[in-house]
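Below, each structure is written out as structure tokens.
Paired with chain B in one complex and with chain C in the other, chain A is shared by the two complexes that follow.
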Partner chain A sequence: MTNSIELTGISKSYGSLTALGKVDLTVKRNEILTLLGPSGCGKTTLMRIIAGFEQPTTGKVVIDGKDSTSLAPEQRPVNMVFQKYALFPHLDVFDNVAFGLRLKKTPKDVIKREVIKALELVQLETYKNRWISELSGGQAQRVALARALVNRPAVLLLDEPLAALDLKIRHHMLNEIKRIHEETSTTFVYVTHDQDEAMILSDRVVLLNKGGIEQIGGPEEMYWSPRTLFAAKFFGDTNIVGGTYGASTGEGQIQLPFGRFAHAPKVALQAGPVNVSIRPETLSLAPAHGHLAEGEFLGKVKDTSFIGNRVIYRVAVAGGTLDLKCQQLPTPGSHTLPPGADVSLKCKPESFVVLPA
Partner chain B sequence: MNAVNQSKPVVVGAEASVPIKTVSIDKKALSGYLLATPPLLFLIIFFLVPSILLFVASFWTSKTFTMIPAATIANYARTLSASGFYDSLWISMQNGFWTATLSTVISAPVAYYIVYKTRSNAVLYLALVSWFSSYLVRVYAWRTILGTTGVINSTLQQFGIIDQPLEWLVFSKFSVIITLVHIMLPFTLLLLVSGLRDIKKDYLEASADLGGGGFTTLWKVIIPMAHKSIVSSFMFTFVLAASDYITPQLLGGRDAMTTGLLIANQFRSVGNWPLGAAMAYLLLAVFMLVYATLLGVLRAANLAPGKRYHD
Partner chain C sequence: MIRLFTYIYMLFLYAPVALIVLFSFHSSPSLSFPFEGFSMRWYEQLLGSYDFMTALRNSAIVGGASAVLTTILGTFSALALMRMKGRFKSIFAFLNFAPIALPGLFLGIALVILFSLIGLPRSLLTVIIGHTLFTFPFFVESVRSRLEYFDLSYEEAARDLGASPLKAFWLVTLPIIGPTIAGAAILAIALSLDEFLITIFVTGSETTLPLLILSMIRRAVDPSINAASVFMLTLTIAIIAIAGLVMTMRRRRLELERAEPAE
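This part shows the complex of A and B:
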């Protein structure tokens, strides 16, 4: 058995509202899979269907090779880390973590051993006697992880577990979650609307949009080879430029407002209007000089932002009809070009992502 | 304070300067005190002062409607040596116990439904509407329903299920408790609803997620977390029902003489206020005992928060 979860034809409607429409998804054993997407796209709904808190309107949920569609949450071998932790305030840290094991009538000495082990995993073994109200947000988050993991679930579900934490702790916890995943070798399904979180954490990313799967792939694939305009825009910054492919311009040629470029499409492409996604870091920029080499075109700097490890230029091109974002790596002693400067830009047509318009 | 000032006069100056500092620096604290003043004054004037006066009076003696200052425990001794007091207490405690238990137990599933199962407040409002009718109207309504010529008896007779009207329906413990439960339900429901609203659904789901079925979640999560509102709902109803003397008088039959009535009589017809005051304080002591017992029982049954289950 190589798959922890197999979802087939899952849909969910609330009255007339379709929260999810026909989702097929497999989660492989031991991977970290993130469900990523904008607010309201159905991430939480999908996760709650896996956990058993919601019944899908149609479709089948198979967990660990077993059809679990009609199983109650307490009967499923999955555990969840809640966004607001939901640690029991009437119990201390130890008893919170022991909760699941006690319900399974685990012998006392085993409970003790396992709970301490789980607390060691999240580095909170000295906090076992603390009350929940005495924990910081990050600590509560770790206890929530321990409480779920101590049950050795087939799948650990995490619904935006870091949303309530501030940025610094968030980065730290992200690495902690990665470490814990490696140490426990459990399947993680992680919900987030933060693309950075998804990129850092995931083996595979599932990009959701309006209740459907937009694209599934590894972080690099999602970034460099988005298959839809939505996917291209969702990951990082990009320039979307309208143009024409093939036909009048010739096979393997793309006509853009600022030039014609040779491009070998990676997927079959119909001749006609297209949208091209050009990542800002694939554009290079230099002060304008006499003649333009192959693939170069002219522009005028509109504004610049120096961010330290990078400089972002907004450059008007094609006679001022279009702005392109262009990202450069500054080096010590290099100077940021001022607004108004004439520049020549060079792009890498092989990095274009060409999508039918 | 005074004692300190007298024994250490040096401190006075230092102490006097402190409030000035505090006031000028901590405006927030000051406004806090100001905001707290009206309710505090209210409590002092309408609760604390009368209570103290009553307590003091319970050590006085009396001669038909006049109180004579004294320092005697005779009123307490007299009450505790009279069997009538215990008889009335027994009736009161039964009224309190059954009313509090029944209204809390009946309200609990309704509150659960209102908080977790429906988004509308219709049921809550419906329950509260019964509050709008006056206390006496509700008592008489039950008298009409349960009476010997009332709805239930005449229906049963018409269908030939009984020959004679059931006397015990009205003028009995049964009718008193039914009526008191009806009167108390909105209170317990409100208290339990507001208590459950503090327990987010996440907690119930977390329990289910960790393997807890419905009953486990109820006993191990909901009740311990709702502990405070359950106790207050129970005690609130207990005290009101146990000290009530109007419903028992109108519907209690032989069980009309509650401690509340006994006390009221001292103030109204007998005119022995100090004796009434002593009885009232003895009743208060009994309520505190009930409260302590309830807390103890919940704690013993592991239904109170703050217990560690590990070493």
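This part shows the complex of A and C:
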């Protein structure tokens, strides 16, 4: 058995409102899978259906090979880290972590050993007698992780666990979660609206939009080969340019406002209007020179932002009708071109992502 | 100037209370100055009085029983309120709270009519029912405002960790909301102890402390009224003080435990 969770035909509606359309999803054993999407996309509903807090309107939930669709939350071999931690304020750290084991009537000495082990895993063993109100946000997060993991769940669910933390701690906790995943070898399902978190953490990303799955793939695949306009825009920064493919322009040719480019489509493409996603870092920029080589076109710098490890130019092209973002890597001694400078841009047509308009 | 005003104001508020306390210890039956000396004779007379001891016992029974009923009903109501949403919630909250605004006179008459309709003879039982009705909205209101801050994900977390709904309530919800409920329950006892208007309508032949004091005034000016009033005053203040203590005690206990070295 290689799958921790198998969801088939899951839908959820509240009255006339559809939170989830027919969703099929498989979570492989020991992977970190993120459910990513904007608010209202259905990611939280999907996680709550896995946890058992919501009943799907239709569909089947199989956890660890067992049909769990009608099981109550306490009967499922999954544990959850809640967004606002939900640590019990009337218990100390030790008793919070021991909560699940005590319910299972685990012998006292085993509880003690396991709780200490779980607290060591999150590096909080010296905090075992603290009250919850005495913990910082990051520490509370770790206790919540220990409280869930001490039960050795088949799947650990994490509901936007870093949303309440500030940026610096958030990066640290991401690495911590990765480390803990490696040490426990448990399946993690992680809900977030932050694509950076998803990219850093995931083996696979499930991008959700309006209650349906938009695309599933590894972080690199999601970034370089988005299959929809929504996916292309959701990950990182990109230029979306309208154009025409094939037909009048000829097979394997794309007509864009600033030129015509040869493009061998990776998937079958109908001739007609298309949207092309061009990543800013695939464009290179140089001061305008005499003649334009293959794939080059002219532009005028509108504004620049120097961010240290990169420079972002906004360049007006095609006679000023279109702005392209272009990212360059500065080197010591290189100078950022001033606004108003005439430049020649060069693109890599092989990195275009062409999507039907 | 403002200081002077404050003194006058405090005098106005507390002079009557101080006078009653003073004269309850007066050695002579006279209720006017000059003050002739201290004595406990009115308290002795009171505690030896069969009527007073019966009224005290009745008040204790009614206060205790109505507080228990109010606590059970009120806790369920507050828990339901926590889970409701939208317009239904505000309507339900209003219906819980509205009886506070009803005149006691109206409640008393309505209850008398109701009891005679269903053929329930007036007794301590009807007083208990009347007091429960009276204290319920105060209970719900004082508990509700605190439960607004109860995060329902506590219960979900307990379920997630393997607790049945009942266990989640017992192990998580109740310990968290417990001190609030205990404080509100004690407040209900204090309210019941003082209640007069509804009681006079719905009681049978039994007297409670406030009823007894009124009847003493009507009989003759008996200085033991002062003693009875001071007794009630002390009881009420003590109960409210306990309520305050209970509500802060848990935190205090937690702090004390923290102060001791771990293991």
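In the analysis below, the second predicted complex is superposed on the first by the 357 of 357 C-alpha atoms of A that agree within 3 Å, B and C clash if a C-alpha of one lies under 4 Å from a C-alpha of the other, contacts with A are read in each partner's own complex, and residues count from 1 in each chain.
Keep this in mind: a contact is a pair of C-beta atoms (placed from the backbone, for glycine too) under 8 Å apart; a residue touches a chain by one contact, two chains touch by 3 or more.
Only a predicted model underlies this, so the values are computations on that prediction, with no experimental measurement involved.
Peer 1: Look at where chain B and chain C land on chain A after superposing the complexes, then choose clash or fit.
Peer 2: Superposition result for chain B and chain C: clash.
Peer 1: After lining up the shared chain so the two structures overlap, which partner does A:K112 touch, if you call chain B first and chain C second: first, second, both or neither?
Peer 2: first
Peer 1: Between chain B (first) and chain C (second), which, if any, makes contact with A:F53: first, second, both or neither?
Peer 2: In the superposed model, A:F53 contacts both chain B and chain C.
Peer 1: Answer with first, second, both or neither: which of chain B and chain C does A:E31 touch in the superposed model?
Peer 2: In the superposed model, A:E31 contacts neither chain B nor chain C.
Peer 1: Kindly classify A:A86 by the partners it touches after superposition: chain B alone (first), chain C alone (second), both, or neither?
Peer 2: both
Peer 1: Of the partners chain B and chain C, which touch A:E296 in the superposed model: first, second, both, neither?
Peer 2: neither
Peer 1: In the overlay, work out which of chain B or chain C sits against more residues of chain A.
Peer 2: B
Peer 1: Residue by residue on chain A, keep only those touching chain B in one complex and chain C in the other, then list them.
Peer 2: 51-53, 72-74, 78-80, 82, 84, 86-90, 99-100, 103-104, 128-129, 147-148, 151
Peer 1: Where on chain A does chain C make contact in their complex?
Peer 2: It comes out as residues 51-53, 72-74, 78-80, 82-84, 86-90, 99-100, 103-104, 128-129, 131, 147-148, 151.
Peer 1: Along chain B, where are the residues that touch chain A in the complex?
Peer 2: Of all residues in chain B, those touching chain A are 200, 202-203, 205-213, 216, 220-221, 224-225, 227, 305-310.
Peer 1: Hey, which residues of chain A end up touching chain B in the complex?
Peer 2: Answer in residue numbers: 51-53, 72-74, 78-80, 82, 84, 86-92, 94-95, 98-100, 102-104, 111-112, 115, 128-129, 147-148, 151.
Peer 1: Applying the document's contact rule, which stretches of chain C touch chain A when the two form their complex?
Peer 2: Within the complex, chain C touches chain A at residues 151, 153-154, 156-164, 167, 171-172, 175-176, 250, 254, 258, 262-263.
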